[in-house]
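Following this line, the structures themselves.
Here chain A shows up in two complexes: once beside chain B, once beside chain C.
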Partner chain A sequence: MSIMAYNGASIVAMKGKGCVAIAADRRFGSQQLTISTDFQKVFAINDRLMYGMAGLGTDVQTLSERFRMKTNLYKLREERDIEPKTFAHLVSSTLYEKRFGPYFIEPIVAGLDKNGEPFICSADLIGCLNFAKDFCVAGTASQNLYGMCETVWREDLEPEELFEATSQALLNAVDRDCLSGWGAVVHIITADRIITRTLKGRMD
Partner chain B sequence: MYSTPSTAPIAAAGPMQRRVDPYADNGGTAVAIAGEDYAIIAADTRQSDGYLINSRYAPKAFQLSDSSVVACCGFYGDATALASHLSQRMEQYQYAHDKPMSTPALAQMLSNTLYGKRFFPYYVHNILAGVDADGKGCIFNYDPVGSFERYRWQAAGSGVALIQPFLDNQVGFKNMAQEANPPFLPLEKALQLVKDAFTSATERDIYTGDQVEIFVITKNGVEKLSYDLKKD
Partner chain C sequence: MEALFGIVGKDFVIVASDTSSIRSIVVMKSDEDRSRNLNKHNVLLYTGEPGDSVQFVEYIQRNAELYSIRNDVGLSTLGCASFTRRALADALRSRNSYQTNLLIGGYDPKDGPRLYWIDYLSSSLSVPFACQGYAGYFCYSTMDRYYHKDMSKEEAMALVKKCIAELKTRFVANLPNWQVKIIDQNGIEQILVSAADV
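After this line comes the complex of A and B, so read on.
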């Protein structure tokens, strides 16, 4: 079995009108055994930038701490918040440093830049960036998520519509994946604040 | 390009075993939805082998009678052989029973045919669509060795992972308010969903595209519609 599918995870991010959404499932398992149903996969850097990681759980946790350290140091040195695009490149270089012994994760970055422009980006496990204009998907249900996003996403969705689209895309995609699910967390990042909702879906 | 094998004798090569892989994956996707008084079944027409496209028009959905259409995704050689075999068996049934084979009867026969080759299977994922004795739409989904079940919506083939969750959501209303008692969809809405499913699958699945043939089966017969898909 693939190391990327050992713990199971699904992440999706979508662009909206003046907002972005990023969502993840909550399952953490050891192959077919479910161990935890509240495993955090999406992390906030500040109130306008978040990122999620699918893949091996230990690498998700290790990298979240490494990125927290790097962005804290960035803020101390630069005396300003890190821009989403800059953070995406930081993720890329951090992963490429381990080119021949990589972290087994697929990250997705989502946020608003200093002008309020929505930004989303995904990468592979060795740091190849994909600046998508519509949506980004990662994890064991990525094919399912591609199918859902391709049909439900439209340009310029308002925050409430974006929440519905993201939620339905994630919930229906993970319901066809044994290794993802057990609930979902959806974050909507708007100019004012981040709205976080926890969804109860099929708990299997 | 392909390397030319050397014809010079190799000293002391020892015993060698040659193998031929009897199967190939020719890609392609099929979708079916059953309604109150209709069944829709659609399949794309691209036939590929890895990165190479063998044909832009190699239909995967075969009309077997005025009430049944079968779509076969997987190895195209087995798909055509199976459709041909089924067609012949249906003709024999007509002569033996003096009536055409109904869709539920064909469903059972297809299962038996597939299990008959349990130890050298037809490498195909089938979906059978038609109307049952009450005039209600019915679709049956199969695995390569004949395990089958009746569904109201199902996808198959290379795009199954992309399309199945979409159908769960839009036909079965899963994770939505009407999940407990999903109403049957009107024909026009179901047709639109099938087209959307294929355009979306074509975007992200390299094995799906070129053209889609959609069969609409009602108690009045079978109607075939064709739509172009992206060719990249």
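After this line comes the complex of A and C, so read on.
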């Protein structure tokens, strides 16, 4: 079995009107055995920028610690919050540093820049960035997610509509994947705040 | 063939490990202690590659002791788990990685009882109940069925015995003796349970 599919994960991010959504499933397994149903895969950097990582659990945890360190140092040195595009490039360099012994994760970055413009971006395990204009997907149910997102996404979705679209895309995609699921966490990043909701889907 | 499990109760954690040391078809030892006390309120249980496990776990134990000496207070359970995860993760992509699966159970006066499941790849999870090894394939279902939040010591002990009984019925290896530790605010209490009694 692929090392990227060992623990199982699915992440999706979508652009809306003045907002972005990023959502992930909650399962952590050891191949077919489910160990935990509340594993965190999406992390916040500040109240306008979040990122998620799909792939090997240990690398998700190691990198979340490394990115926390790098962004904290950035904030101390620059005396301002990191912009989403800058953070995406930071993710890319961090991953490419390990080009010949990579971290087994696929990150997705989602946030609002300093002008309130929505930004989403995904990368592969060695840091090749993809600046999407509509949605980004990653994980064991990525192919299912591509199909679902293509169906439910429209341009300029309001926050509540975006929440509904993202939730439906993720829940239905993971229902066809045995390695991801067991609930979902959806974050909507708007100009004033981040709205976080936990969904109970098919718990299998 | 080794089995570990842990269950978080109301204000205690109960952890159990089998005491048989088996290599291929031979039972080498039946009173193996697969745990180490990190400090007054934290226990680390391990399975995996024999040499790796002991080397790594004793390293963690000694560092936990050093922390206590330097700071005059024991490491919290989260502290133990974080330190262990970091040490295992750093070793993972180096010349010597450790093939060790762990459970860390402890009682923290501030956070209460906690149980951490850490696999050999160094993924760390805080869980209400957990198994390491083949035991998971048999005992997770039993725990899913009978576990509830804030179990009493009697209920948790009964659940541990149900799990041991499940392994006795369905697991190919004979695991006759178990070492059970209960960690609460008073410290660590050790009980030996025989599979014949469950």
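Everything below uses one rule, namely that the second predicted complex is superposed on the first by the 204 of 204 C-alpha atoms of A that agree within 3 Å, B and C clash if a C-alpha of one lies under 4 Å from a C-alpha of the other, contacts with A are read in each partner's own complex, and residues count from 1 in each chain.
Quick note on the criterion: a contact is a pair of C-beta atoms (placed from the backbone, for glycine too) under 8 Å apart; a residue touches a chain by one contact, two chains touch by 3 or more.
Bear in mind that the values here come from a model prediction, so they are computed numbers and not experimental data.
Peer 1: Of the two partner chains, chain B (first) and chain C (second), which one does A:Asp175 touch, if any: first, second, both, or neither?
Peer 2: first
Peer 1: Just checking: does A:Ile35 make contact with chain B only, chain C only, both, or neither of them? Give me first, second, both or neither.
Peer 2: second
Peer 1: May I ask you to decide whether A:Gly101 touches chain B, chain C, both, or neither, giving the answer as first, second, both or neither?
Peer 2: So A:Gly101 only meets chain C here.
Peer 1: Return first, second, both or neither, reflecting whether A:Asn7 touches chain B, chain C, both chains, or no partner chain.
Peer 2: Touch status of A:Asn7: second partner only.
Peer 1: Check the residue A:Thr151 against both partner chains and state whether it touches chain B (first), chain C (second), both, or neither.
Peer 2: Touch status of A:Thr151: first partner only.
Peer 1: Should A:Leu56 be classified as contacting the first partner (chain B), the second (chain C), both, or neither?
Peer 2: It touches chain C, and chain B stays clear.
Peer 1: Using the touch definition from the top, say if A:Asn72 reaches chain B (first), chain C (second), both or neither.
Peer 2: After superposition on chain A, A:Asn72 lies in contact with neither partner.
Peer 1: In the complex formed with chain A, which residues of chain B make contact?
Peer 2: Touching chain A: residues 159, 161-166, 168-170, 174-176, 196-197, 200-201, 203-204 of chain B.
Peer 1: For chain C, which residues are in contact with chain A within the complex?
Peer 2: 85, 89, 92-93, 117, 119, 121-125, 127, 130, 136-137, 140
Peer 1: Flag every residue of chain A that touches chain B in the complex, lowest number first.
Peer 2: The contact residues of chain A facing chain B are 143-144, 146-148, 150-151, 167-168, 171-173, 175-176, 201.
Peer 1: Spell out the residues on chain A that touch chain C in their complex, using ranges where they run on.
Peer 2: Touch list, chain A to chain C: 6-7, 28, 30, 33-36, 39, 56-58, 60-62, 101.
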